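Order as written gives the chain letters A, B, C and D; numbering starts at 1 within each chain.
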Amino acid sequence: MTSTSDRAPRTYAYLGPEGTFTQMALDAWAPSAGATHRPCGSVDAALALLRAGEVDGAMVPIENSVEGGVSATLDALASGDPLVVVAEVLVPITFVLAARPGMARADVRAVGTHSHAWAQVRGWMDANLPEATYVPTLSTAAAAAGLAGGDGEQAAYQAAVCAPVAASNHGLEVLAEDIGDNAAAVTRFVLVARPGDLPERTGADKTTLVLFQRDDHAGGLLELLEQFAVRGINMSRLESRPTKASMGSYCFSIDIEGHVLDERVGEALLGLKRVCAEVRFLGSYPAAHGTAVRVTPHTTDEAFGEARAWLHSLRA
Amino acid sequence: MTSTSDRAPRTYAYLGPEGTFTQMALDAWAPSAGATHRPCGSVDAALALLRAGEVDGAMVPIENSVEGGVSATLDALASGDPLVVVAEVLVPITFVLAARPGMARADVRAVGTHSHAWAQVRGWMDANLPEATYVPTLSTAAAAAGLAGGDGEQAAYQAAVCAPVAASNHGLEVLAEDIGDNAAAVTRFVLVARPGDLPERTGADKTTLVLFQRDDHAGGLLELLEQFAVRGINMSRLESRPTKASMGSYCFSIDIEGHVLDERVGEALLGLKRVCAEVRFLGSYPAAHGTAVRVTPHTTDEAFGEARAWLHSLRA
Amino acid sequence: MTSTSDRAPRTYAYLGPEGTFTQMALDAWAPSAGATHRPCGSVDAALALLRAGEVDGAMVPIENSVEGGVSATLDALASGDPLVVVAEVLVPITFVLAARPGMARADVRAVGTHSHAWAQVRGWMDANLPEATYVPTLSTAAAAAGLAGGDGEQAAYQAAVCAPVAASNHGLEVLAEDIGDNAAAVTRFVLVARPGDLPERTGADKTTLVLFQRDDHAGGLLELLEQFAVRGINMSRLESRPTKASMGSYCFSIDIEGHVLDERVGEALLGLKRVCAEVRFLGSYPAAHGTAVRVTPHTTDEAFGEARAWLHSLRA
Amino acid sequence: MTSTSDRAPRTYAYLGPEGTFTQMALDAWAPSAGATHRPCGSVDAALALLRAGEVDGAMVPIENSVEGGVSATLDALASGDPLVVVAEVLVPITFVLAARPGMARADVRAVGTHSHAWAQVRGWMDANLPEATYVPTLSTAAAAAGLAGGDGEQAAYQAAVCAPVAASNHGLEVLAEDIGDNAAAVTRFVLVARPGDLPERTGADKTTLVLFQRDDHAGGLLELLEQFAVRGINMSRLESRPTKASMGSYCFSIDIEGHVLDERVGEALLGLKRVCAEVRFLGSYPAAHGTAVRVTPHTTDEAFGEARAWLHSLRA
């Protein structure tokens, strides 16, 4: 992800349309300033552009503090040509209820939004618009877009749940603000790229992996987690995802604290590579929280270096 | 779940409308024969009826072999008044592309279906209808319903992806059969009830739990899994779900092999209860596959009984 | 080990002869006051008297801070009719070099003592009597006794390494005091009895076990230790002892913190009983150090009680 | 341990005197043929000669199938200048009861031998010479020597328990053969040398280590054993030995299967070096049994090599 001044302008895909939280994430990611931002209709579409070499990176959602992992992203990264995460961005999630100017809240009989957004405003809806029916849309921004323009008059819903920016983009009026049931909701986005230069170590890094077990024996997951524990590595996310082979066959999407260049992470990867059917490396990158990883004294690079020098002397 | 001949007819809620795979699951569950089947617009709605005592049980999807865990169900069971699973049903998933009679496949410009179904037919769509856009609907059956009747003419899509039964229910014509990308796709449904009599032990049982960690320390999950491993208990499903408290705070939805009345399961539950902030028991019930759990000789009820008699003699 | 005032006087065997550190341990054990103390020529002999019902208890050494476990005791307790430890006593080990009155240190050409004592004064000997040869004796007290009386003139050695009390018992002169290489040396003795009433719980208890593995598979010991770890039980001693079956076949003699009446200890014993070929319970008794066992909040009896009540409610 | 034809003859120390089982072990070790064999009065003395460079190696006992670890050897190797094991020899242990010609078994009132030998013939003695008292000697061979020559007439015992060769060396008559209680008794001896060239890998190797824990926390030993388990390494011996610092402070003397040049062993050593206060490497050498170590497919050198190549590609 080097950025040289004499190269052509970069292009980044994102899960669109304009006005999505993903766009906000891409805007918030400093290296994207001055680059072309290209909305895509789906995570798959964004990653397909990236794999095809038509864009330099893609911003996609990976995890929501309320809804959990984003399956489309997890699955798209776990198969196909290798891609790696090079950065992550956290975006607080704030929903508004928006409608065409002049619409009264009392006249809202149906509400359009993405199903994940709907799940996050159910409490507010039950309390304030208990009679309203739900109309699914492709994204929160699409719900807002559907109300705007001439088509809006025939839309199957009278109000949209979307980001404030989507409402203003489309000239909608905000009927209610901050309607999310969880005020602290946040979504984590990742900037994905084709494998290339590794992001530098910052001391506050994450590494993302997908682990496929060799066979589905009892205690199999325990064996994988021990590879981290024995090297003092903390795990910050674990998602199981079906391998699609059969009911009950899962792989594990995992974030650990540390960088692939850290000795302890490297050795854990060696261990996993040996015991797993497949280990998919999805990148090492700076953690958005910026807090340095706490490393016990005997798992520092120095401790590994001293141990290796000692082993070398024994073998000489 | 006793069933006495002199009781009033039972009522079971399910995730509707008619024609969903969930209805097929409820129909396939023998004890529901002769009972009233009541469709609901959402998992939450079905479980609300159950918690309110208006129905005797609810059939809801919990896991799909391709799409993974069903978040709405996992989350609804993990909070609120206690409910328990008393049975599970596996339904093979077969999708058709259906349209109003007379519609040619070539004229299909948009396709309506539930987002989970759409994810499972993307391969077929890319190969056969690459230009078609996707219109989300509340369910696969709703997509079919949307095409039927007078409204169908104004529907935002010309074809629906749904179960064969939904197509025939609504008088639609099947344009293509078996369009799922994964021929072996299957969805697992659970029949949920209010806590009451435990289903009897069959020797081929499952127990479902939700575990909330006491604190989020390194190796925390390892500690929980060891409670199973040390008693020779196999885990057949592990899903992490956000507790919604903050990014990175997860609980674990887990299926293990065995019944709460099994000694080894009981002791593991004791261990979990002590080390977890909360353990939510979601029931013990016969596994749909019907294969007896393999128990090592030293974790049988007999082995526990002998050990307990010995301990008793030491303490006497 | 109840002690009623109207019973006949008790008799305790000990590893003699008079003047051994074992006698000091028996004297230091309050309940032996007023009882008959009976010296025996070996640990086996003392325990044989106990098993035969001829004495009420036997004081024997089990562990020395410098020399380690006392094999004769460990092996005698690990087989034969069951015996249990009911108390432990720690005795600081102080050695003197003693000789018949008038003998000069310069004239000492050979030194008699027990081999364990010899191992603990080798440094002093090398520095102060480098030319002296070593003559093994049955005990340190026997070395002193050998110098005394008429026989002493023909003894194969001119000085004995023994306890101060043995020197004074036999009218010997102390040529050098505190000649042990390790000033903090201490030996741990145990009062062994036939199984009967358990010593009461004090909160500062130990439990002694001998574990025989079911088969000698890789990771077998790990599996046993996990039975303690998963219940938060600390291990204060681990000795491996050959089962005598074949080279490399070992059992494990273990001390853990806690009493068999503690819930967490009871459950660990249940686990061991199930996974081991044999578990030999060698008693629960107050630790000599008197420091209360540190118990984590989730392994207290209360935590077990609450968990059990919860499990009972699930099963009801 | 290279052996070039033009070097001066080698000298090996052993635990003497002549006629000990240790001498038999040294004789059985092929590379000692033609070398000078030098008896020493103790294990410490033999290892002191080796450390001083006066001999090329020392044969000492380390483990007996009935009596367990040989503390003197374990402790002498665990401290002081580094030494390494380069070979091991197993010697079946056969004891005879021997006396001066003409002595009748019925006239034996006292029996001399080393305390470890005495422990191994107690059953025979109780059955055949129940009245005989025990006189400790420095070694079994010393017991035989004590009966021989002019001194024998004044010896404190009339018969010796020793190896057949010691009886014949000293012109004694065998009163009873094969008097060991355990017919399969065997002692394991090790040939110790100063650190130098490592013995070559044979595929049937052992590595001996002494591990000192960083602090004596609960589960500390578990943490060490996991370093082996996570790399599929089997442990064939574990002895705890006091560090002599205080009661309850132990180090662990361990044999594992494999050679320090094996990748899995090297990585385990790295792990131990990091988590232990000290790791003392006591050599890698061919196992006497000659049976190749069973290595699981994912812990072979090839598996490590492939994993390392993969990690290298990720980091490049």
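By our rule, a contact is a pair of C-beta atoms (placed from the backbone, for glycine too) under 8 Å apart; a residue touches a chain by one contact, two chains touch by 3 or more.
Labels paired with UniProt names: A, B, C, D = Prephenate dehydratase.
Quick caveat: nothing in here was measured; it's all calculated off a predicted structure.
Inter-chain spacing, taken between the CA centroids of subunit B (Prephenate dehydratase) and subunit C (Prephenate dehydratase), is 59 Å.
For this pair, subunit C (Prephenate dehydratase) with subunit D (Prephenate dehydratase), the centres built from the Cα atoms lie 25 Å apart. Taken residue by residue, subunit B (Prephenate dehydratase) touches two or more other chains at 226, whereas all remaining positions touch fewer. Chain contact topology: the protein chains form a single closed ring, every chain touching exactly two others.
Applying the touch criterion to all chain pairs gives A-B, A-D, B-C, C-D. Across the interface of their complex, subunit A (Prephenate dehydratase) is touched by residues 44, 63-69, 71-72, 90, 115, 119, 122, 134, 136-138, 156, 182, 184-186, 188, 218-219, 221-222, 225-226, 229, 232-242, 244-250 of subunit B (Prephenate dehydratase).
Residue ranges of subunit D (Prephenate dehydratase) in contact with subunit A (Prephenate dehydratase), taken from their complex: 198, 214, 226-227, 230-231, 260-261, 266-267, 269-271, 273-275, 279, 281, 298-299, 303-304, 306-308, 310-311, 314-315.
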